[in-house]
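You will see two complexes here that share chain A, one where it goes with chain B and one where it goes with chain C.
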Partner chain A sequence: MSALGGPAQTAGVQSPTGMGLAISIILIIVALALAFFLVQMAGLLALVGIIIGGVLIGFGVHFVPVGGAPAAMGQAPGIATGVAMLAAGAGLAGLFGGAWAAPLGFPLALAGGAIGGGLLMAITCTMVNVIYIFGMGIPAASGKVAKDPITGDTFPEYKSQGTEGHGLPFISWVGGVVGGALGGLGGTLIYLELLDIYQAQMPALLGATVEQIAPIAISLAGVFAVGMFLMNAVLAAYNITGTIEGPHDPKFKRFPRAIIAAAAASAVAGIFAIGLLELVGVF
Partner chain B sequence: MTVKIEVGAGGIPHNQIVIYGLVGSLVLIYLTYLNQVTGTEYFAFFGGLACVVALLWGADTIKHLCSYGLGTGVPSAGMIALGSGVIAALFGATTGVFAPIVALIVAAIIGAVAGLLANHVVRMDIPVMVISLTELAIVGAITVLGLVAMVGGTFNFLDLVTGTTVILGFAVKSYEASVIGGSIVAVIFMLAAIAIQHAFNACLGPGEQQDRTLMLAAECGFLSMIPVAVISFAFIAFIPALISLLVSVIGWAYTYAEYIKLSKRDAYAWLDAKPILEPKGGA
Partner chain C sequence: MEEIVFGIGITALAGALATVAGAAEDTESDIGSQGDPNSQVQLAPQMGYIHRIFNKAIAGEPPAYGLWVALGAGLAWAFMAMHINPILAIVLGSALAVFVQGVYATTAYLGRTASLAKFGQPVYIDILKSMTTVTMAHAFIAIFATVAMCHLMISALGHPFPLPLLGLVWGIALGAAGSATGNPFYGKERQYQEQKFGAGVPISASGNIVRYAEAGQRNSLDNGFFSAKLGGPASGICFGLIVFFELWRTVVFEPLAAGWGAVIVGVIVILIFAIIDRYIEVWARKTFGPYVAPEEASS
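The block that comes next holds the complex of A and B.
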């Protein structure tokens, strides 16, 4: 059930329409072709990286226990805010981690991004439970499953009547950390791919060294990564329609739709980010 | 658990607001081009005014979209608007004098793709989704471009990436001290994203009135202009930045007073707290 009254959801998962699938595939292929045409092989690989990053973000959002307004009243499990806020927090923390580690090499930067996002969610989830348990005096109980898949704790005895569960069970905590790590990893991947493109193109364009243009390249790659992060996170949020408890929630099974949407959206947004410098000085 | 979002009827039709918003913001953003024509920076504040007009339009679009109940909260609409808008705005900025038009077209493409994906892949099946996300992306792009023009006095990419710093009395070209190199775009991104979603998020519910929501949107726009005007002291001359600051403070004070008036009109009752006066001659 959504926090703010979602569109009518029939039972089961509605699969994407044929038109939606066709548009997504065509958009991805056109974007890849354009990337190859504009920046050759480097552009193609960068766009593939951006699409993978977007898919990781879209997938990762489904792990995050989003409670929304009902959670703030202790009537639903999860963190008491919307998907966009949580995703923005985890993504930005991941980006900071990744951007800080960027000079240390590609794998270390990706790991830095994942740890940044995961760490933020770990702290958030822990503090949420501290407030729930010691501040509001409510135990953690899931409304969607009877037993925690990891610890085996049972929930029905602790669930208050008239609620959908409350607090943040361990499985949701794990989901939050995994989701934050995936989001941070995806955001950092987008950032690194764009940074590579700009660092390769800008020195010739502006007649400066790589060190001199670094502030512009980093700033552009960063703000584009944040923009694409939020696009993908919101599309994933639309897929969840409101609240989700974590990987054990039945809504989690909807994630293939978000992956298709995130891939196509990142391809379209990514091609404009990659082709950014193509028109400089033309007009 | 469903909280119904209620929208007041009446007011100016949405289509009329779209036309006013589109034409008004484009004209205002082009007025900042007078800076280049006349070789001054006095017209920078028109960028902020373009942002305010676009925000009025965006708040009304968010009202239309969110009256269907997205299930993800109103802020997510603002986030996807600016997420797709910032990419379009910076891509547009590279095309010199055509910047606002190109940004508008690119934003429309990204927004339409996001809308199609939301309806046909993620299966939101909301009738106004495609057109609303298209409008929101355009609003996001114009907002970012307007505020960028306000900070830097121009929307030309090459002028935005180069700044000057004074070292030992000599003016040196520096990429770090520029609007984009200094990551001012990231600040603008968040200022605009909060401004675009706050108006409807705060005013929704029974008794929502269009004029009150839009007045709050204008107030948020002017409020976002104030920090942007303060930042612009670093990039444009003192007098033009002061003009920007005065315009934003006066605009904010006026819209805030009007908004309070409208709130009192629509409220059932209110308490005007007055200080307790000491009786004459002491107690």
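The block that comes next holds the complex of A and C.
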């Protein structure tokens, strides 16, 4: 992750390969067919929800401005931590809010999840700028664009010599909040879909009421949602390779590849999560 | 009404615990060089700069704290299931989790530093003995405060997640907030203290970290002393604000507009932070002005 070494990274669009696309589509179709076979229409719809949730997470991670190790030295713009880690922090905070609001209905839980993720990123991005400005005396300067697309601020004259830029320009702040919100939305969607499936299946399987199985259903859905969140965040981080400044970064255009990968991975992981109880029932 | 007042009290307490946790987490990670500046601690011997800085960065802060807090929360949850008093259970769970952190710190330091043997970097046993216990002490505070906060969210505010899962969620969020806020201050302002204030570190200076203190060689306790002045408290405020606003908007405003009150207030809080961020960004551009190259190269 050093700014010094490593092979040169190709910026900009990197389209998915034909083979990758074909395998992903096959995996998704097989997973959907299995979901229908195992849990009928409810399973199919739940898996579609899980795939959408995974895609939202994978897409959202591309918005989060992450500068990694170079940002910690003021050598590159963004937040000085890893892509997957920051996105996971935001998305899981969103999941916390979404799960809390789940009894109030589907739309409210999704909105609560999105706002929870966005709120974490809004506060974190602001505090990052507080440290850059008041702790290090460094104004924000993007290394990828000469002008902030939102505020119109120019950057080249503020960039320190020998660096790729530093700080967190306003476009990156907005990207962080959008990314956190999409992550929180996706994580909550996965959680709600799995919770529905478990709450429908468990009472019959365990011979108990919905209230009695609620703690197990919530725990299982929560653990799977966290796992799928991390999986999709890491997939997107591999697509980004290192650092990204936000939606204005040329690397942002790589997102179609991450969306396809996130959809395929979520479909495969989702079928295991959905089919878990069927499998337990067999034994 | 009484319920809302009680909820606000718990929210404030959880926010305070989160603030302490965030400050302890960042100071712990800076003493252990676990954040992104670890790249420089690892790079320095390769560039010929032998140092006495601790280095336990074999995992990022969010997954590491996710593990430790989930472990502390899981053990506390098991102790509570055995009808042990919750406070004692949380202390015991956190203490056991800290031993795992201690083992992690020891093996990480030995492994990372031994890998630099071919560059002449020694493994200092005195550093291992004196730093590990200090990181463990800070980690205990961070884990205890976070597990206690999670317990409050469940027992007093009624969050549906079980304690270990909530520990994992907030442990990862704690690491994310702490590493995002505290890393630049430790990386730029401490490890590259000799570089000019008000500018990024030139890439050509990478690896040339400050290795000498007022007397003798600098070690990671000196770094903890430094980052506890701003990086740590700022990380604490960051995580404290996150937890406080997340709980506050739900506890106070969820009863309004059939639950949508919490969402609307969340959007308003995000907009307020957008205004604060934009204000300080403009303030910095006006106050500091464009970059002026120093007369002598500082690297």
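Methods note: the second predicted complex is superposed on the first by the 268 of 283 C-alpha atoms of A that agree within 3 Å, B and C clash if a C-alpha of one lies under 4 Å from a C-alpha of the other, contacts with A are read in each partner's own complex, and residues count from 1 in each chain.
Here, a residue touches a chain if its C-beta (ideal position, glycine included) is under 8 Å from a C-beta of that chain, and two chains touch if they have at least 3 such contacts.
Because the structure is predicted, anything quoted here is derived from the model rather than measured.
Asks: With everything superposed onto chain A, say whether chain B and chain C fit together or clash.
Replies: When both complexes are placed onto chain A, chain B and chain C end up clashing with one another.
Asks: Classify the contacts of A:273 with the two partner chains as first (chain B alone), second (chain C alone), both, or neither.
Replies: In the superposed model, A:273 contacts chain B only, not chain C.
Asks: Identify the partner contact of A:222: answer first if only chain B is touched, second if only chain C is, both if each is, neither if none is.
Replies: Touch partners of A:222: chain B and chain C.
Asks: Pick one for A:145: touches chain B only (first), chain C only (second), both, or neither.
Replies: neither
Asks: Considering only touches as defined above, state whether A:102 meets chain B (first), chain C (second), both or neither.
Replies: In the superposed model, A:102 contacts chain C only, not chain B.
Asks: Of the two partner chains, chain B (first) and chain C (second), which one does A:197 touch, if any: first, second, both, or neither?
Replies: neither
Asks: With both complexes overlaid on chain A, does A:238 touch chain B (first), chain C (second), both or neither?
Replies: A:238 sits against chain B, while chain C stays out of touch.
Asks: Classify the contacts of A:69 with the two partner chains as first (chain B alone), second (chain C alone), both, or neither.
Replies: both
Asks: With the two complexes superposed on chain A, say which partner A:82 touches: chain B (first), chain C (second), both, or neither.
Replies: Both chain B and chain C are touched by A:82.
Asks: Where does A:16 make contact in the superposed view: on chain B (first), on chain C (second), on both, or on neither?
Replies: After superposing on A, A:16 lies in contact with chain B but is clear of chain C.
Asks: Could you name the one stretch of chain C listed in 9-17, 117-125, 171-179 or 261-269 that collides with chain B in the superposition?
Replies: 117-125
Asks: Go through chain A and flag every residue that touches chain B in one model and chain C in the other.
Replies: 1-4, 68-70, 75, 82, 85, 88, 164, 214-215, 219, 222-223, 226
Asks: Once bound in the complex, which stretches of chain C touch chain A?
Replies: 35-40, 43, 60-63, 159-162, 165-166, 168-170, 172-173, 175-177, 179-189, 191-192, 197-207, 230-231, 234-235, 237-238, 241-242, 245-246, 249-250, 254, 258-260, 262-263, 266-267, 269-270, 273-274, 276-278, 280-281, 283-285, 288, 290-291, 293, 299
Asks: So in the complex, which bits of chain A are touching chain C?
Replies: Its residues touching chain C are 1-4, 68-75, 79-82, 85-86, 88-90, 92-93, 95-97, 99-102, 104-105, 108, 111-112, 115-116, 118-120, 122-141, 151, 153, 157-166, 168-170, 173-174, 177, 214-215, 218-219, 222-223, 226.
Asks: Could you please specify the touching residues of chain B with respect to chain A in the complex?
Replies: 1-5, 66, 68-77, 79-80, 82-88, 90-91, 94-98, 102, 106, 109-110, 113-114, 116-126, 157-158, 161-162, 175-176, 178, 180-183, 185-186, 189
Asks: In the complex of these two chains, what residues of chain A are touching chain B?
Replies: 1-7, 14-17, 19-21, 23-24, 27, 68-70, 75-76, 82-85, 88, 164, 206, 208, 212-216, 219-220, 222-224, 226-231, 233-235, 237-242, 257-258, 260-261, 264-265, 268-269, 272-273, 275-283
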